[in-house]
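Just below sit the structures, each encoded as structure tokens.
Consider the two complexes below, in which chain A is the common component and chain B and chain C are the respective partners.
Here is the complex of A and B:
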């Protein structure tokens, strides 16, 4: 019982201090939220593309919803809702453990963290959560502006759906966080962890559904992509939030499976890595 | 002029010498480049499913745009990112003062001090893709077309450089600008596709406000053998305007620069 009370206190203090820290960087975080606009850029491309199928002359593409405009079985409204959802989901699943960890290891801040009776990964987790809380108002504002630009796509998900979408986003964040932790832990063995992170970013960009919903992929590529964690991190929660027809059980099963695989693997590698770790300097 | 060329040779000679020490990085750079190119090709391929074309561009024509985008991305990783991200560090650590004291143009020093080998393959790949796709699209290179293409690629690079430099300059006031460059990078990804593929409002925005159209689409038109005087003049005007802006902005920033240690 006392352990639980201690944990709760540690969590509260960590979250409060990290939130205060992140609030100082709110301008930075606002800019960062703005740099996640790629899905919205892709939205305008895909909707324009869907309109082209209806009116090859291309007139009046920007005005109002054209009935019947569709591409690969997705209507204009579905496309718009999907990409706005993907934008929101992306904002709350971003992880940057690799960069924070690399800097901490390089500057020698990791050593004192290892001495504390608290797993350093908790510290990173709370700072991510605090950063997301700081980001929330900017994301809400940006999503609002974009809904104003495509008012015909405005929707409010059913309460049950919304709850499932939030749950899926939280799980997706956990998976993405663990993938990044895994890459960060490789820092113990190699200085190339950030190069590996670049490859991870690329896979995330093209396979997660940020640039195109997976429904538009050729079936073989789509099936191959679904064996990676990436589509479950963006595509699945975004479809849930957009209120699309989908097999929710399969999505949650995939997320749970990735969590079950990544969590023990990360912790094991962390323990092996810390044993190898030798601090630099005096 | 000769002094600047000589300095440039020394700068890049030392950069080359120090980078051949880290050969494993090059492998990862190549892998990342391959992945990026494969992903971009796949995405453009998705747009062409069902034979709709992309904003009136055929498949090889759209690949010319992608080739130019890859070229610009390569130049960013070779020259712009390594140099301009250092301005931030120099402001923080106060070493900017040493640069300002040198008997050489400070903007030149800051923009050319080093280069990253890792971006060169991307420049090569971009040029190859551009040339191959232009041939596949049936472009017949005449002297006038090549000249127009070279001029417009030059204006595109000048605009790109000026945008980066202006953003890096803001670090004099804000110190941290890493996220601002991320916003620029995200916006420039719009240049992967011909500007006509976007809806009307964005097309205007990308031509007049953020000159994404002048970065890839306009040079691509010239490479494909359909350069036109209005675009040529527009591109040149934009390049001169943005370059002058970057210089004026740097002079203004320097007046606000108070050295870190005093």
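Here is the complex of A and C:
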């Protein structure tokens, strides 16, 4: 019980400190938020594709929502809502453990962390959460601006669906964070794990649904992607938030399965990595 | 009972060996060659609670590697270490609460925040309640003469202020054993003196044990009644600085100013004549004979001025290392 209370206090102080730290970087974080606009750029591209596919129905003046054809079974409105949701989900699932960890290892900051009675991954976790809190107003502003540009796509999810989407986003962040931790731990074997991270970024970009909803992918690619963590990190929570019809239970089961696999694997590799670090010196 | 014990502690590193040039690069790529570097070789010593011990040796001697093994950061290749009753490599929570390792400017302070934020974070990590944390911060701040600096961003502090704040962060949990690797590196003379005074006061107040490395001999002479001299991974000396000086320089230097010139043959009866220029003489006299020979000099010669001195210890150590006189098994 005392251990839990102590951990809760450490978490509270860590979050407060990291939030103060992140506020110092608010301009940089605003730029990061802007750099995550890929889904919104892809939205304009795919909506344009939809508009090119079929002429407005009915021949009369059509609303923005009614324009265009369905692509991959998704209407113009569904496409817009999906990409706006993907933008929001991406903002709160982004992880940068590899870069932070690699820098700490190379700069010698890892050693003091290893000599404190607190697992260093807690520091990375709380700095991510603090960064998300700092990012929140920028994300809200950017999402608002885009909804103003496509007012016909505006929607407000039902409370139950919103809650599920938030839960899915939190779990998706946990999965992405652990994937990043797994790659970061490779720093113990190779000082340049960021090269592997670039490969991961590429897979993330195409298989997560940031470039296009998985429904637009060839069935074989879609099938293959389902066996990776990527679609569950963006596509699933984004579809939930956008109000799409989907098997939510299957999505949560997939996220839980990835967490169950990644958490022990990361901790195991961490222990092996620290032993190696200890054996090699720093 | 010793609080720090090293028994035949050894550390060997495996490092890749690459020849220069394109050929070397290609060979390195196809068939990587490795060699083993013995950073620390069978070093043994024991330190009692409350002792202040200096760790001396040239760059690459194995000082930092030894400190890292004792703090649990790296695992020994051989031998055994015990600190505060724990085996460091296991890094148990109670062990981590009992020690600290300060490594020069490898900071644990958050760069963009005031030191106070990092200190309160450390207090939470080590399980100190708010009241106790603030009491300890006030105590350390007073000892280190830090005040408004604690609420200024770390990046705005001078190097000396930053080092003091680092020390506060490293000592807030009141460790029993302090491993300090170059704690005064890069500081100006005043800041060096303050850090030294603080470490001595901390040692006296809390009975903490200090093991420190420094390139500044003044740190060692001011703080450490006992020194460990290490070279090429081997322990060469374990004792006081005076003992070290007498080992490295078995003779003392006697400078004389005589009323009248005296032939070298006469002076040779008192010691080894190093220099004879008119009435100015430099003699080397074995330490054991010093008192008797000086008395004889004063009685038998017309001496106007006499000075007995030791060569500076850093010169002696440097000379020994340059001449390669430290050999395997030199430890006595």
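To be clear about the criterion, the second predicted complex is superposed on the first by the 266 of 282 C-alpha atoms of A that agree within 3 Å, B and C clash if a C-alpha of one lies under 4 Å from a C-alpha of the other, contacts with A are read in each partner's own complex, and residues count from 1 in each chain.
Here is the rule we use: contacts are C-beta pairs under 8 Å (C-beta built on N, C-alpha and C of every residue); 3 or more make two chains touch, one makes a residue touch a chain.
The structure presented is a predicted model; accordingly, all values stated were derived computationally and were not measured.
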(request) Answer with first, second, both or neither: which of chain B and chain C does A:166 touch in the superposed model? (result) neither
(request) Kindly classify A:199 by the partners it touches after superposition: chain B alone (first), chain C alone (second), both, or neither? (result) first
(message) Quick check for you: in the superposed arrangement, does A:35 touch first (chain B), second (chain C), both or neither?
(response) first
(request) Spot which of chain B and chain C makes contact with more residues of chain A, would you? (result) B
(request) Applying the touch criterion given at the start, work out whether A:248 contacts chain B, chain C, both or neither, answering first, second, both or neither. (result) neither
(message) According to the stated criteria, A:269 is in contact with first (chain B), second (chain C), both, or neither; which is it?
(response) neither
(request) Using the superposition on A, tell me which residues of chain A are in contact with chain B and, in the other complex, with chain C. (result) none
(message) If we count contacts the way the header does, which residues on chain A are in touch with chain C in the complex?
(response) 6, 9-10, 12-14, 17, 20-21, 24-25, 107-109, 111-118, 275, 277-282
(message) Quick check: in the complex, which residue numbers of chain A touch chain B?
(response) 28-29, 31-32, 34-38, 41, 44-45, 47-49, 52-53, 58, 61-62, 71-72, 192, 195-196, 198-199, 202-203, 205-206, 211-212, 216-218, 221
(message) Quick check on the complex: what are the chain C residues that touch chain A?
(response) 11, 13, 39, 65, 68, 71-75, 89, 91, 93, 96-97, 99-101, 103, 106-108, 110, 112-113, 117-118, 120-127
(request) Would you mind writing out the residues of chain B in touch with chain A in their complex? (result) 24-25, 28-29, 31-32, 35-36, 39, 42-43, 46-47, 49-50, 52-56, 176, 178-180, 182-183, 185-187, 189-190, 193, 197-202
